[in-house]
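Some structures to go through are shown next.
Two complexes follow with chain A in common, the first pairing it with chain B and the second with chain C.
For the complex of A and B:
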């Protein structure tokens, strides 16, 4: 609003739109490529078709990879919700001082590059009593650590905004047990933070390649590993895959936002 | 026997005592205030009574029964917080009904009681709103209704007005007091604001550094502070050390002296000569700083008309009411 009333406002707006366009360009290109019959020597594709999408969505290997990616991500996110929510609650309600320590701990997954940590994970879980390499279980565990920072930060911000201590105290004085207070009062008010955390982690994990490829590879093919294995097949086909995967995350985010919208 | 009785209560955090051997008695239906600067232990004392903070030793008797072994859920105490602590995911009605829901009150009775208590705080038409759609004053009235609906034996108010603006604060102050009188509810109010304490309370416990320094009604606390802290905290006392006091009164004074600014009158004829250093208009009162015998005194004069105004630098005469002089330790 303010930009419009100022001279030069059009300039700022133009810059924003230009930036938007630049960011959108590769995606638009991929979309167009996935819809074209062939597109090599001409400026524009020679014809439009849905055949790549039809081929993709009737390919059992793709559907399996899609389902497996979904399973691993949902599994990791479920694990993190079940473990992190109570942890956050305990840290913020009983031991607020631990928050500083937690802030350092949750940075670790970022501090160590995936290529490095997967070597360690391969050593640790490659043999012995906890041999999990090549199974989806190791990915779920590993993705849990990757999701940790997103989950922890988003939910912490939410917790700080709702004044946890006073809400708990008020609920308990009104006769609620700690569990009732947590489930009836605190949890419903964490929905927004939780939703943000889950969407962020999901979009990130759904596109994760390094861990999936190094720890499990073709033995439990996820979407990104499948994409990598298909790199020598048709580019149109692969573009359809990328767009499908992008559209899925987009629709998921939109639905989640819609569900969240009308509530306080 | 008193209704609430706190006996030899002790509490320390990490080795340093928050308060030590607190004793206080509160009668049924009384409105008492814990007044003191921040960090004096007044809020901790309130939280100990509520059961939200464990005590180290001592007893808290409510109607003859010791509360200390009971969890907060079982104490039958209502509490209002400075931050309102309304549940953001619930409507006003659901917030107020929460306590009844926990007690498994039948739906029909619950609805009636919620409606009654919302009428009491004049928010009958706001039942369907969410807390974020209300003003601060309305939020605090909902919080009050929520703590009243379960008919607590004791109501605790932890700085409930501190987050509100001045006009609403005054109005709510009167409303809280009126409701408390109507219900005959024993109430403990915590504040750092002396004006709130003086206007609302039947009795005030003045606290400092974990001790109750003085207790009594507003009149006693205002006119007869027991020590330097009490005199400094309540009112705008002129506090003079023994030397200045001796010089001012021209007779030997062995201890510190406290003089209320409104007990000094200002005129053109009087026993003490002084000179106006500065003045400020507080509305109905003009506050002068007057130098008399090398002592600077604060003098409050009722602002009757502009003709009475003494300009800065003007020579004036002062008369001090001898009964208003208080020696403090």
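For the complex of A and C:
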């Protein structure tokens, strides 16, 4: 390759390996710790074992938290798709000028950190007619706002790539109604882009802690809250928990990456 | 399409979205904004004067800014060097490391804090090891330095992701032309490379700032909420078990939102000025 023939090639390789090493170190350390019988004040642990993983994966509270996290994230993503897809379709097909307004609105979840929203959410929905604090429902609603900026941008890019207007016009010229054109022509064309956006959103929603801890806590324990509540248990057990969580997210992002690459 | 009827139907499709956005995004922010200027049953700026007269809250603000600034600075330096070199190596290594950086961008918050506690906490494996060989004197992961270290770690992948495309603006033939005209490596960066990249670098820097300013999970998990930064103070005033004061929390929250808005506006402005937008 061109890069390797250049005299500075070794420098760039070294920098990339260094970057990789920096990012890898905490993970590798945690992985090793989760596999060791005990590890203190020596270069390597004294023995290797799978017992922490066995203990973790047979712990009912962990499995429950894992399942509850899955439910909340899947629920939030379903809600997001149901709300965002029609929005995007209408904005791009009927009111393109709304896109500018939407681009400002989707900055809100970014400019307002979850800890700020939580202050209002706790007061507004703590009691009264819309009491939701302490239930998974409030998390599903909040996670929709967390995923919104990313989903909106990702699907917009996809819509632009498929030439929404031409596609709709062609379908209607061939006798399809607006609904048929949207569901049978546009949606299948968005499928892959949508899958990638959903997988990536899932991977960061799965790691959400602030809303989960402040609004719901142990009343509907998600994985992150469980992890935080286990702070006083064995470090090896916690490492197994961290690694299991990360491995799960790793697989999701890896699949999303693969899908993204195969995209036509 | 039946003209106006179609447009009304289309408007109707926007309603569910608008409703949910109102309930979960606008209303909470509105509540915070209004209640930050409410005290003892009336409109007043008491909450804000309380915040700015208190050494405790000013310390939280100062520490938030310090940790955000230093972690963003270290983060962007490492990310810039890394992203630039990533573009110069063969595609196999590049794809692998950028995919890995992509994945580690999700390694933040509680799991990240735990990984650092396990390795560098009081009885962490690395701490004991480094102490034994005398490389470590009195470092603590629970201190400001420790927090800057952990924050820097989660800034790096984000910085790499954001900066990687920015190097597109720097065309390879410019470097060759510059070299042909007798410019040294240093001169190229001083007069061409850095000026072209500046908007992107600054833009990424403010994103990292915002990322660190709003971060709550990492510092909470690392110090069980005992380290004085802005997000920790806000949460303690609405969900703590000592003294609850939602109005004061709202004022603090508005200070944070003000900082974030400033950062977002600056970023949008830089984005418009950036080289590849032209």
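A few comments on the model shown:
In this section, the second predicted complex is superposed on the first by the 251 of 264 C-alpha atoms of A that agree within 3 Å, B and C clash if a C-alpha of one lies under 4 Å from a C-alpha of the other, contacts with A are read in each partner's own complex, and residues count from 1 in each chain.
Heads up, the rule we're going with is that a contact is a pair of C-beta atoms (placed from the backbone, for glycine too) under 8 Å apart; a residue touches a chain by one contact, two chains touch by 3 or more.
Given the structure is predicted, the values throughout are model-derived calculations rather than measurements.
Because the two structures share chain A, they can be overlaid on it, and in that overlay chain B and chain C fit beside each other without clashing. Taking chain A as the reference chain, the count of touched residues is higher for C when chain B and chain C are set side by side.
By the touch criterion defined above, A:19 lies against chain C but remains apart from chain B after alignment on the C-alpha atoms of chain A.
In the superposition on chain A, contact is made by A:167 with chain B only, not with chain C. Using the contact criterion defined above for the overlaid structures, shared-chain residue A:100 touches neither chain B nor chain C, since it reaches no partner.
Centres of mass aside, this uses C-alpha centres: at chain A, the angle toward chain B and chain C in the superposed model is 90 degrees, to the nearest 10. In the superposition on chain A, A:176 contacts chain B only, with no contact to chain C. Once chain A of one complex is fitted onto chain A of the other, the partner contacts of A:189 are limited to chain B, with no touch recorded for chain C.
Once both structures are fitted on chain A, no C-alpha atom of chain B lies closer than 6 Å to one of chain C.
Applying the stated touch rule to the two superposed structures, the overlap between the chain B and chain C interfaces on chain A comprises residues 172. Contact residues on chain C toward chain A in their complex (touch as defined above): 1, 6-7, 10-11, 13-14, 16-17, 20-21, 23-32, 35, 78, 81-82, 84-86, 88-91, 93-94, 97, 99-104, 106-112, 114-119, 123, 125-126, 128-129, 132, 153, 156-157, 160, 210, 213-214, 216-217, 220-221, 224, 231, 234-235, 237-239, 246, 249-250, 253, 256-257, 260-261, 263-264, 268.
The part of chain A that touches chain C in the complex is made up of residues 1, 3-4, 6, 8-9, 11-13, 15-16, 18-20, 22-24, 26-27, 29-30, 33, 39-43, 45, 79, 82-84, 86-87, 89-90, 93-95, 105, 107-124, 130, 141-142, 144-145, 148, 172, 178, 203-204, 207, 209-210, 213-214, 224, 227-228, 231, 235, 238-239, 241-242, 245-246, 249-250, 253-254, 257. Residue ranges of chain B in contact with chain A, taken from their complex: 50-52, 71-73, 75, 77-79, 81, 83, 85, 87-89, 98-99, 102-103, 130, 132, 143, 146-147, 150. Residues 162-163, 166-167, 169-177, 180, 184-185, 188-189, 191, 263-264 of chain A touch chain B in their complex.
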